[in-house]
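Two complexes come next, and they have one chain in common, subunit A, joined by subunit B in the first and subunit C in the second.
What follows is the complex of A and B.
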């Protein structure tokens, strides 16, 4: 799966998680740019991403994520394993 | 030593003057020395505790780097020592009292707690700070430090030692390790932070403290008086705690260090989640990273909605308990847990275009501000039986004298809170409408500083300890 495909899939997951059908993601976006991305929704998002990409994210992985690009990088690294 | 004392007004300029005459290595040794002097000024034996925490975490961190196969045990050692110190000095008495109560309830022979344990000031802050070091090494987010002195300064740095901000090693240690500098704009912003901090403490918080203590000591109270007291405490605790942070940040900046932001205008929050992103940020982010996330992502709790709720419950239980060994603090944490849960539900059933409508934001801010008031009533009542009494007072039963007193005290609290509101509105407008990044309102800062300085001389309230010293 290439980076664009990952971004498309994350966009779908985020639209559903944040109940925002028109959400458009860019790699540099952070939690501040997306309405409703709070600590609780973040857990939903992590679980949804893990299920969709069949990966496991540790607490350290989650803490290191600052923007959408970090998610894409982490997913491509974990999927490659 | 306390910030709002003549001793500190002599101590800080003297430290700054000597500090900038030294090279980096000597600066570190000098700062450790003055930090230990600052902390042990009144109770020198407290220094044993901070030294224990420093030595244990330094060697645990070092050993984790050298013996990665034992890092789990070493982390447990670090956490046990820190929580052991915190548990004994802060919670032992509370625990024994509750066990004694339980014995009475069960009809077992009871006992009394004869141990009078003195709470070492700032212990909740520096134990959390130093634990973050070993946890980050365990998680692979930080490399263990070989230089003991650099680490000792991270634990004991006097500006934020007693009441935060709770710094992370990953932010602070690189500042210790590099050569520091001081620019004119650093001095300018540091002095403004110091004057603003002293103004908030001495003029706003200390004057309002009088109103709060007067109201909450009344045996014969009324609905209006209690809610005016809650309003006043909301202003006092914000002015008091953010004042400490500002004085800490200003003092640190004069020494070439940048401490993290602890408050970001919490009273313009439109929801409980936004409030926790703006209030006591260093503690909230600590609790989020080291308690909530590991719990919510643990194998047992990560998949179910119930798991998220349990994680949130435990997080806010600990948040409450961190504030003090008392049921009122635990109930305060659980009240905030309930607010977050109700908000999450309300958000899920409200259409997005209504929820996020910009015209609703002022109403949401006002509602959030009102919802904080019961939490203050809970927080303030050490005797839990008074919480229910205060929260259930009838709004229709107020004697004329009680109403007059409440209105007078409300007016006084409102008067002293004006600078806080003005600062919040000014900052909000500046952030929202000013797009240039080099705007430095020097003239505004100079005029404001002069007004504040005169106000401190004229309007200063009776000196009261910083509220967060007790935590």
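What follows is the complex of A and C.
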């Protein structure tokens, strides 16, 4: 799965998670750019992403996430394994 | 074959690809969307999909009034951990069971404060129930090592803690308190030796769960067996240490849809939404193969081969359900003679014709047959569960009759019993001797109907039934059945007011309230308790707060008998008039003219409700053919 495809899939997940059907994601976006993305919702998001991509993120992975690009990087690393 | 995994709620059909669009459509529609929401809730939804449905529901509630189709329930949520992440899923899952759920969350981590502070959201809220979602991390367990391994494994501190919480949250019995059993932690300190340590966490939790199981039903508590659920999922999957550390989640976010379904089915049971009848297909559902093609010797059933064993297991499950009180029916595309052949001649059949209340084998479409079964048993379509191996038949029934529960079945019949029993269709919060007899009672009803057609007229028929009845005020013996009738009866129910067990106890002890329970037998058997009446005295008038009757004794002039008894009691109490009201629900059209038929005088109409009055002085007894014992 290439970065473009990962971004598309994350966009779908985030649209549901944040109840925002028209949300458009760019790799640079951070929690501040998306309404409702707080630390609690982040856990929700992580699990949704883990399930969709069939990966498991560790505590340090989760801490390291600052923007959408971090998600894309982690997903492509983990699903390559 | 896909692995059978409880986490994915495999009894629910797969979510359609356009689910999110369908949610959007519901959000934008202006009409009554309750049935659309109910339909969308029936799929095996992920946490995110449940979230979308909950948002759609919230929008619908903003735009239009709540439909009568959904029963409201306001639930307080108290936990020692974070609950906010599963609230939307809980609201969406409740739709699956026909409940319009509002959730009031306690302040995070303040279980005891919520209980003791009279101004807390939970104490203040107008709640129907409170879910006490405790887990082992939030309970005052004794330290395994400091306790000197004393023989009592459950400290009185924990018992007091639990009892205080129940007492405070039940608000004098006005609310149901749902108490969760506690799942074990994953690992013990000693290993296998934990079993021998009286004060080990494992032993303390076991003791606490036994204690919870024995809580008296009168206290208004209902148990949610989370310990069992967690063990089915697997404790190592249930507890996620990363999620606990980040957000204090009481269980893995992955099991949210499953957990919420289990809470929701209990709310459904509290609101009387549990189903009453299991309708069975025959070919490849009760036996392997097609009786019309394979013949008696060709079908697979019985010991000695794995497929035959699987079908035996399905039949055993159905019979166990019947012994529990679930009515069984057959709905099969077959010639009647062929369909009955195995029941009559196959030596390995566990189910016999006598276990089946309605047997429909013909070539009509299944939806029509299911409607006929519901009519024949005098129950709603929403009381039916339909078990059929054929995906096309399942789809047709779901499409035509969304009220009927149709469990999704895996390819291998070995998993049918597990799937059926995991779906929560027959969830209950009490079990009475009447429940046990129910299947037989419905069946006797079918015999009575046959007798009716051979009798010349209705009066002859009623005479021939030799009905006798016992009437008394509420007592402890009848109480759980009384509470059940109050909360389950939909059709013959003038006001559809629901009361908890504790409220019923309070009425029983209130001198200004006159209560009445009626039991009845006839020549075909014991019908058990069939009618409940509650009157509130206002001066010399009795206001009929509840009048309900079990539909199994419909059209037998029982209501006339009850009125005769009521008037006799009223006279004794110096009452001059009875006052009644019919409050329409979506289900009680049956009793629209109840008071008119009993010669009550129409007084007035308010919104849709009609008010009626009967003067005691002029009353002439109706004397139906029922003997008072």
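As a working rule, the second predicted complex is superposed on the first by the 81 of 81 C-alpha atoms of A that agree within 3 Å, B and C clash if a C-alpha of one lies under 4 Å from a C-alpha of the other, contacts with A are read in each partner's own complex, and residues count from 1 in each chain.
Note that in this section a residue touches a chain if its C-beta (ideal position, glycine included) is under 8 Å from a C-beta of that chain, and two chains touch if they have at least 3 such contacts.
Source: prediction; values computed, not measured.
K.L.:
Just subunit B (first), just subunit C (second), both, or neither: which does A:60 touch?
P.N.:
After superposing on A, A:60 lies in contact with subunit B but is clear of subunit C.
K.L.:
In the superposed arrangement, does A:28 touch subunit B (first), subunit C (second), both or neither?
P.N.:
Neither partner.
K.L.:
For A:17, select first, second, both or neither according to whether it touches subunit B, subunit C, the two together, or no partner.
P.N.:
Once the two structures are laid over each other on A, A:17 reaches subunit C alone.
K.L.:
Identify the partner contact of A:48: answer first if only subunit B is touched, second if only subunit C is, both if each is, neither if none is.
P.N.:
second
K.L.:
Let me test your reading of the model: by the given contact rule, A:40 touches which partner, first (subunit B), second (subunit C), both or neither?
P.N.:
Both: A:40 reaches subunit B and subunit C.
K.L.:
Tell me the contact category for A:77 with respect to subunit B and subunit C: first, second, both or neither.
P.N.:
In the superposed model, A:77 contacts neither subunit B nor subunit C.
K.L.:
Hey, what residues of subunit A end up touching subunit B and subunit C alike?
P.N.:
19, 39-40, 43-44, 47, 57-59, 62
K.L.:
Under the definition above, what is the set of subunit B residues touching subunit A in their complex?
P.N.:
Contacts found on subunit B: 139-141, 273, 288-289, 292-294, 296-297, 302-303, 308, 311-312, 340, 344, 347-348, 352, 356.
K.L.:
For a test of understanding, state which residues of subunit A touch subunit C in their complex under the given definition.
P.N.:
Residues in contact with subunit C: 13, 16-17, 19, 21, 39-40, 43-44, 47-48, 51, 57-59, 62.
K.L.:
Show me the residue ranges of subunit A that touch subunit B in the complex, using the header's touch definition.
P.N.:
The touching residues are 19-20, 35-36, 38-40, 43-44, 46-47, 57-60, 62-64.
K.L.:
Of all residues in subunit C, which touch subunit A in the complex?
P.N.:
20, 24, 46-49, 51-52, 55, 82, 84-85, 242-243, 245-247, 249, 252-254
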